[in-house]
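One structure is given below, represented as structure tokens, and several questions about it will come after.
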Amino acid sequence: MSDPRKITRLIQLMGLAGVVLLFLVPVIGSRALVQDLFGVLTLLILAQNWNLLAGFAGLVSVGQQAFVGVGAYAMFACVILLGMDPLVGIAVGGVAAMLLAIPMAFFSFRLAGAYFAIGTWVVAEITRLCFAQWKALGGGTGTSLPKGTTKTMFGVPEIKSWLGGSSSAASDALTYWLALILALATLIAAYLFLKSRMGLGLQALRDNEEAARSVGVNPTRLKAWVFMLTAFGTGLCGALLFIQITRVTPEAAFSVLDWTAFVIFITVIGGIGTLPGPIIGVIVFYFLQRTLADYGTVYLIVLGCLGIAVMLFARRGLWGLFTEKTGIELLSLRQLPPTENQAR
Amino acid sequence: MIWIDTLVQGVLLGGLYALFAAGLSLVFGVMRLVNLAHGDLIVLAAFVILSVATALNLNPFVAAVIAIPVMFAVGWVLQTYLLNRVLGDDILPPLLVTFGLSVVIQNGLLELFSADSRKLTAGSIEAESVSLGGVTVGVMPLLTFVSAVLVIFALNQIFYRTKLGRAFRATSDDREAVGLMGIRPNNVFAIATGIAMVVATIAALYLGIRANFDPSIGPARLLYAFEAVIIGGLGSLWGTLAGGVIIGVSQALGAAINPEWQILSGHVAFVVVLLVRPRGLFPRSKD
Amino acid sequence: MEPILSTHGLTAHYGDFQALFGVDIDVRQGETIAIIGANGAGKSTLMRAITGLLQNAPDAITLRGEGIGALSAPEVLERGISMVPEGRRLFPSLSVEENLLIGGHTRTGNGVWNLETVYEIVPILKERRDHPGTALSGGQQQMVAIGRALMSNPDVLLCDELSLGLAPVVIKEIYASFPKIKERGASVVVVEQDIGQAMKIADRVYCMMEGRVTLQGRPDELSREDIHNAYFGVAS
């Protein structure tokens, strides 16, 4: 049983079973559980995107809330101003976030190193303040989705007749499944991307920019692509989040704490620059939040301290520690033949 | 006339922002550290002043004199036991550690002092004003601006005229070679952060007297400060003052047109300046 | 006479790569030692180990009998060893004068070296005192680096590759100042690739190859052939 490859196999099977179980939650679980897990999954999506950005492309953005907010507002605009189905609004939200990423990248890429973080943060603030001026969507006080929108959303009646229960429960189930699919799709897309030529170039860049440049990797263009793609994923997630929340305000949609700070801690604690990291991180986060729910902001302090401790003592987070101690690797990106892997 | 008035108010506001930023500018100049907790450390300093003032029933100006060595020690300890351990070629660890610190300080203050708005009361001086060539300005904003100029002048003197400043510059140039001169970079960094916290305390004093504060306002102040540092040109202290003034004036002008545009105008000015001058107004060296 | 500075079976590693294999050298009071050898022979590594830029076992390096192998660079300086590092490493943000002053930042020792006496042996530096250190010519920069190392009045002065990248005339000028430095009492260790120059100034010579000392002796005792063999490793 001490053979890492056997354990790896076992964990992979458990993961697969877990995914199947997760798909069944709306059928067998309570509505509260569905809502809880929806929150977890959306945070996971945001964390996966930020991990790609900061952990693999070296772009430490503190402005991801801009994409969540724009995604949310674009979806609201589609529903309220154009009378579209919210699900179409999600797609529009993703595209809108990607469009915002273009000028944002153009601007923040000028700022070297750590100042990139400040640049993205400022752009997110500007975006928030601009959306607070959009009177048709409630200006600074925000607005709600029209009553019943989510109940008549594409697919909800069918789910309702299939699962039974209320329309609200059916709409929760739908958004839950969408979040699950999006999380899985992000994970698979990230894996395939990092294994692709572009992804290898990206990792080469992280290790040695000069060398990567000399073999024909264009750092700026590559990073810009990652920035845009993760903006798309983050925008989709933002729109999805606010279908479930049904009410949008500039403060909530562009919250740096909810959509960026948590996400950063989740990724760092789980293991930045590793694919399983955000998954581990989001589980830790969820249990911390539940355990310390009665102590006000204490869990934020604990979270901050954990993040600091990880950076001091284990830069690859919990997953990195685990891999180091056990030799078990999942979704490994290393280009080594398995025998050599075993020899370590 | 109203425009001149707005302009003057903006310049004076810029003084406050320059005070927020001066410590950041110093720390970046010496060790290339981008401290995301700086805003929260300013708020922490404001609470230290408040606590001292309340406990000993002192005027905040006197309380600040007591708070200054306390905050110097906070900075020194922070650098020695935390930040020095993550400084290096990788920009990620220091960013994430200071980000974590920001959240910890913010919520620690929230636990200790609640979310209530506080204010430092300095007595009648708060309401006094003087006339400057036809424009009436408050004594407090004027005092803030004068303090900012003095602080930046003093920092410049330290940086370019003292033995300590020589060590700052040399350490910033070549961390290994200064060891051969007998200089311990970690000590130099600890002193620099200590000084940055002294400046943060002065900033906190004016912040707390001029407006309400609560534990959550740090990050917004951090952004103004960083904007001032960046558009002033990294590592240039006078540039930081100029940057602060630009943000202050933009905010004042924006607010004069539409009160909702105050903050937005400041941010937009930051973006515009950087689009025109990517390295800021007065870049010190080719970083 | 007891040596002032010695290494005893000194080893050094860069990660998995071993750069020094048991190096023993002795430096006596007032002596000038030249360490010669090809690129990658371990000369600079030896200098870095002595000055504390590389850590070692405490007793691998002794200064007046005290083990200093595990000390940091500032601690080594405080005990009286200073170095002119390879590539000069002047501070670009500091003027010529400040570059000199920072040499005496933590230790000024009790010796003759101060701004005045350094300017005396290199008057051009006084003229250029307010220029940025890196705005001078290569030879002048090297003199600033030497002056900087003297400002702490060291008992042992280490000079790493003084002639690297400089014209022969300039190298000659730099070494012309050495008698003045020696006459004020310090022991000097120079690392040199220029064998002729090393032979001229040294009391004793160590030749290194692949991390080991392959030859040592007084310049007049050593034949060209010995040196050639020790330098290039031709089997003798």
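Order of writing sets the labels: A, B and C. Residues in every chain begin at 1.
Simple rule for what comes next: contacts are C-beta pairs under 8 Å (C-beta built on N, C-alpha and C of every residue); 3 or more make two chains touch, one makes a residue touch a chain.
Only a predicted model underlies this, so the values are computations on that prediction, with no experimental measurement involved.
In terms of the distance between Cα centroids, chain B is separated most widely from C. Remark: the per-chain Cα centre closest to the mean position of all protein Cα atoms belongs to B.
For the pair chain B and chain C, the distance between C-alpha centroids works out to 44 Å.
Distance between chain centres (mean CA atoms), chain A to chain C: 56 Å. Inter-chain spacing, taken between the CA centroids of chain A and chain B, is 33 Å. Put simply, chain A touches chain B in their complex at residues 54, 58, 60, 62, 107, 110-115, 117-119, 121-123, 125-126, 129-130, 132-133, 140, 256, 261, 264-265, 268, 272, 296-298, 300-301, 303-305, 307-308, 311-312, 315. Interface residues of chain B facing chain C in the complex, by the touch rule stated above, are 163, 166-167, 169-170, 172-174, 176-184, 285.
Interface of chain B with chain A (complex): residues 34, 36, 82, 85-86, 91-97, 99-104, 106-108, 110-111, 219, 223, 226-227, 230, 234, 260, 263-264, 267-268, 270-271, 274-275, 278, 287. Those residues of chain C that touch chain B in the complex are listed here as 51-53, 72-74, 77-78, 82-83, 85, 89, 91-94, 98, 101-103, 105-107, 148-149, 152.
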